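Chain lettering (A, B, C and D) follows the sequence in which the chains are written, and residue indices restart at 1 in each chain.
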């Protein structure tokens, strides 16, 4: 049970803080998923989802986590033994690669340093070498949630095209969709993978795919076993606003509301808001004398700072998880842990989803306070620097 | 948007009416799924779920529909080409059989008439004939949602034992768990399959398996491909109250509340409540001069009336879907359609989940009113008969 | 804490069942009552309230009960020692008269039998006799909540006019506004008194006055002490959408939503819905062989059946409160008690506010069941009669 | 409708941010205010309210604003023409004095400078001079919401006692109860006046009085007209957990929850939390180079900084309302305006009610940002100073 002093700040890089408006929508009484009101709901959700993904393509929604949406993308488009080209942007790229192996695919992962994005040249080079076109898909993570690095998806598309290679382009937008500029159609993506609990401002529980015509065609000959994840029956039922199996009705109530909120604010405005908060966060990090994990965008091809989260490197000998514990205990604020290779070395500040200046400054304030309490060497004044960044822009 | 005259009566056989207490719990702010509060939540949900399923075995929870939980049960315990013995109790038994085929199994279905339950003798006979033990699992539906017939699971267990057969026993309790007496341990079930939106009084979005030690053992050598549905990593993480992938946090808030409500009322009391409502519903159906789809329990082995729903046969030449439309339009009450073989021939009254006498009498009242408006030949007085049934018992 | 079997049926004649849509609105975060969003809220509420009261006059809203709104009407228009003509329609008319005495007024109450409405002839006669115009106000109850009798307000207005008397007309619409046809302007009412928790479908907590120009004029010379209830500062602030003291913000969120629901459904449709439910309730009462408290509208001037509630006479020697206890205990349904003179002799079925056919039939069903359990002599078949009444009309 | 970027910061000195747990409680279905569940609710609320006011005396609750609770205190204890000694601590003390005049009392107000609290010596002196005991009550404001100054209530009590004067002591705790240490019994207060929307963390809509035995005795001979506010019938009904008129049921649901939250945290802990946040706020104000309105506690008798709000003086020639507009527009944060004599000269930061370090730092952050955007001369670093204050204490 919460106490009066607890307005939890959920500043992990997802799940994110769900707006009251969305929570209230989710609390509406469940309706008949075979009745006319449901069809109206589902069709509106599909339409608005397309608007947010900037696409006119088909979408499918699963009661699932984001990993389910990864699985759906692979089993619908590929066949046993197919090669998939991946890129080690961080922890989630690695997990996706492991999943491909589990499903009977043969992933090949271009190594990365967990501080930069997908190198388009490396992709192009590898595809050019694949003269037999054994590689059936290129699968990349748009915003690597474990590192706070954004890859240049249009450049990956261009690399594939430059290589004249027919591979499908699968993109994980789990922590970017709804927070960072993303364009399924314009960027020539074949399958967009995403889920509910990040930029879409919902609780976890929905996974989704956006599917290009080329991916649909590939699905016709894909041989991996699929039942729950099978696009075909979902797409057929979806045209009328229904689902093949019982859909997550109340989550869809929330999704209608959350997508409406994004579209009311305007996608460009949403992205600009997150860009601004990310810049202010980096300003704070630098003022503290700490280092942002993501490399300088100017120096590394295909690499940009994430507007959804900022991963911060701890000074040597200081444990990021200890800092996070102090901040949780003293300030009821959750930050993201460093994962796998960067465990304990970084902490991650989530600034995606429903978020505003006051919440950002409160978050940065308790991080600064926590650095002090935990005895982490740093300069004060991070919040001051963030305020300067915020008002320098908003004041113009 | 609802209007003042609309307190929708969701009397399909699931999703069911979600209590306000559960809806409010679901509307709580999402929390960090890696934090200590989450672990407390998850462990409490697992414990209470075990109590409701009357088991001390392992449970896994998926962000999924009920069909996902079916798939999980099959892929974790079986290998390509394995034979599965099934029984055609109705539509959902057939769908499960189709799923087995899709997954590369070889289901063999004992035919049924859609008005009776699993015949334990037929099961025993078939297993005795399987001297090679090619059949690896017997998969039956406890409460067939399409027909309102309950099968005798302990008798099926006894049949398997009588045949001295090692097959696993997989039981679909999707529309029985939390409404109809069910005992995973005592009845010797290997995998119990269920989901959130029926007797558990939640919106759709969670699927679950209860797993016996024997099923766990089988899982070690099962060869079907599995990733999302794989029990092993979920069970490992679950011991500490965590999930392998992002769990449906807000649904779990609701599940904790809904399970608490069932346990506060008492499982025996919950089942007795549903038994009583089902008896009153049948009294109304008979008073209308209509026929209940389920055969007389006295005449057919392994067959009992469902306490979760009642399927009602329409008089010849009258379309059940037309009746349902009239009732939805005039009375804002949703009833279940006849499915597949019994489409348009039956309608189904759901009386499971959160339900009381007043809601039952309101439901039966509008069905009686709808029969009149739709011109379906019937005697009035169904509600009178239901009242007599309710008060005869409650007055004792 | 509610249990799974409890969807309480709140069938007292107010507070009424609050729709989810309204409850969710009330649960929105409180806002600054001096900020621009608040002004928009308040002005919308005032406008919609005027629409529901069918007026273009001024309205004031109080954080108060309905009795507070009575007090407001009196202290703003009258001076110490003023005579007020009242009519004993039942308990609430008597309470209002007591309040007038407490405030230093001199109420004169025309006796009534608690089974009929205001006799316009008696009003006219009394006013004609008041040649000195000592009577400053005629105060009547539109729908007497204690008896289920509606008085003919236009006939009272006509009686005042026929007598050529300048008295103000004050009308209590506490249990009629939003359920029974009422027209402040067309009927020439000077002060309409109402509150939130009946036909307006809100929780208790708001009282209100609608104020004619003549009443405003009277207020300028009224000498009763007033501070909290003083119209003037509230009206001044209200023009800009603000309040003189801190307003009940969250209740106003709910009021905006509830008024919107009434206007979306249409006031004529809302009234017709309640008329229909009242007729079905009376059909049930008669089928049970019981008597409705309200006299036959054809036989008593100024008397009509209430569409908001039905008061039912118990057979002699049977205690209505015992019946209500049985129904509450067995069926989680609240009915209204008989008050004062008719205590234990009548029970009241509320069918006002958010209500539909299924809820009505559920309510009548449990009343019929309760009559049986409590051993009250009656004929079964009340619900059958109600169904016939409902479908006879709706089927035309 | 809210947008994704809006998690409004309601930092006026009340209404305050209502915790989700309280909002959810308020959204529960309304119940019968004459039924047994209601009595349990009311008795629990009364008990917990007594615990929070540190009293064993009687309490009454009104559906009203705080001004209603003022009126109730006066009309129940006093008679026409009675003299009341008041003290001009600020705007609300003045309003209370105006109310006394309106009600037919004769208030005498000791002038103050709006920057300090009640001077106990001045009270004692005036009472000593009143040898006829014409003064029937001393009425003071504990925490003056317009200035952020706390008066020393025990010292006022001591002054009355030292003068050997029988006057009642009436104390407005509207913005202190639940945030600042307050003790009705120990401090010898006769009537405590408060309301729901400040430290009690509820929406507005409830006013309340705590009543000493001496005040109850005075009520027996008090002659001011009273009806709605009359303690006597409310106290009689309240003993059984009922109300004389329809109570604000849903607000009471919320009140039970909010009082539980305060008691779960512990009253001492709640007060310490607010003391700490107030100290951090003053540290920020001083770092900005601005002045706190409240005089130095060390220099002025009966004066202490408020732990509920901080009023900040603007530099000359700068308009506080313009600053508030900038902050509302840019940062969706509401601050309190300067009222009456200090209009435009001060702005008020509310830090009472449900509040924690992160929310405080977010609030101070946007104030600092707003000072910059509005061109108000100030030093940056206020948040840095607040962090130092917060961690200096919490780190010990």
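As a convention for this text, contacts are C-beta pairs under 8 Å (C-beta built on N, C-alpha and C of every residue); 3 or more make two chains touch, one makes a residue touch a chain.
These figures come from a predicted structure and were not determined experimentally.
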item: Other chains in touch with both subunit B and subunit C; value: A, D
item: Farthest chain (mean CA position) relative to subunit D; value: B
item: Distance from the mean Cα position of subunit D to that of subunit C, given in whole angstrom; value: 35
item: CA centroid of subunit B to CA centroid of subunit D, Å; value: 54
item: Between subunit A and subunit D, centroid-to-centroid distance (C-alpha), Å; value: 45
item: Sites on subunit C at which at least two other chains make contact; value: 17, 20, 24, 27-29
item: Residues of subunit A that touch subunit C when the two form their complex; value: 20, 24, 27-29
item: Subunit B - residues contacting subunit C, complex; value: 1-7, 9, 17, 19-21, 201, 258, 261-262, 264-265, 270, 273, 330-333, 353-366, 368-369, 372-373, 380-381, 383-384, 386-388, 390-391, 394-395
item: Subunit B residues touching subunit A - in the complex, by the definition given at the top; value: 8, 10, 12, 14-18, 23-24, 26-35, 62-68, 71, 99, 102-104, 195, 197, 203-205, 207, 224-228, 230, 245-251, 328, 334, 337
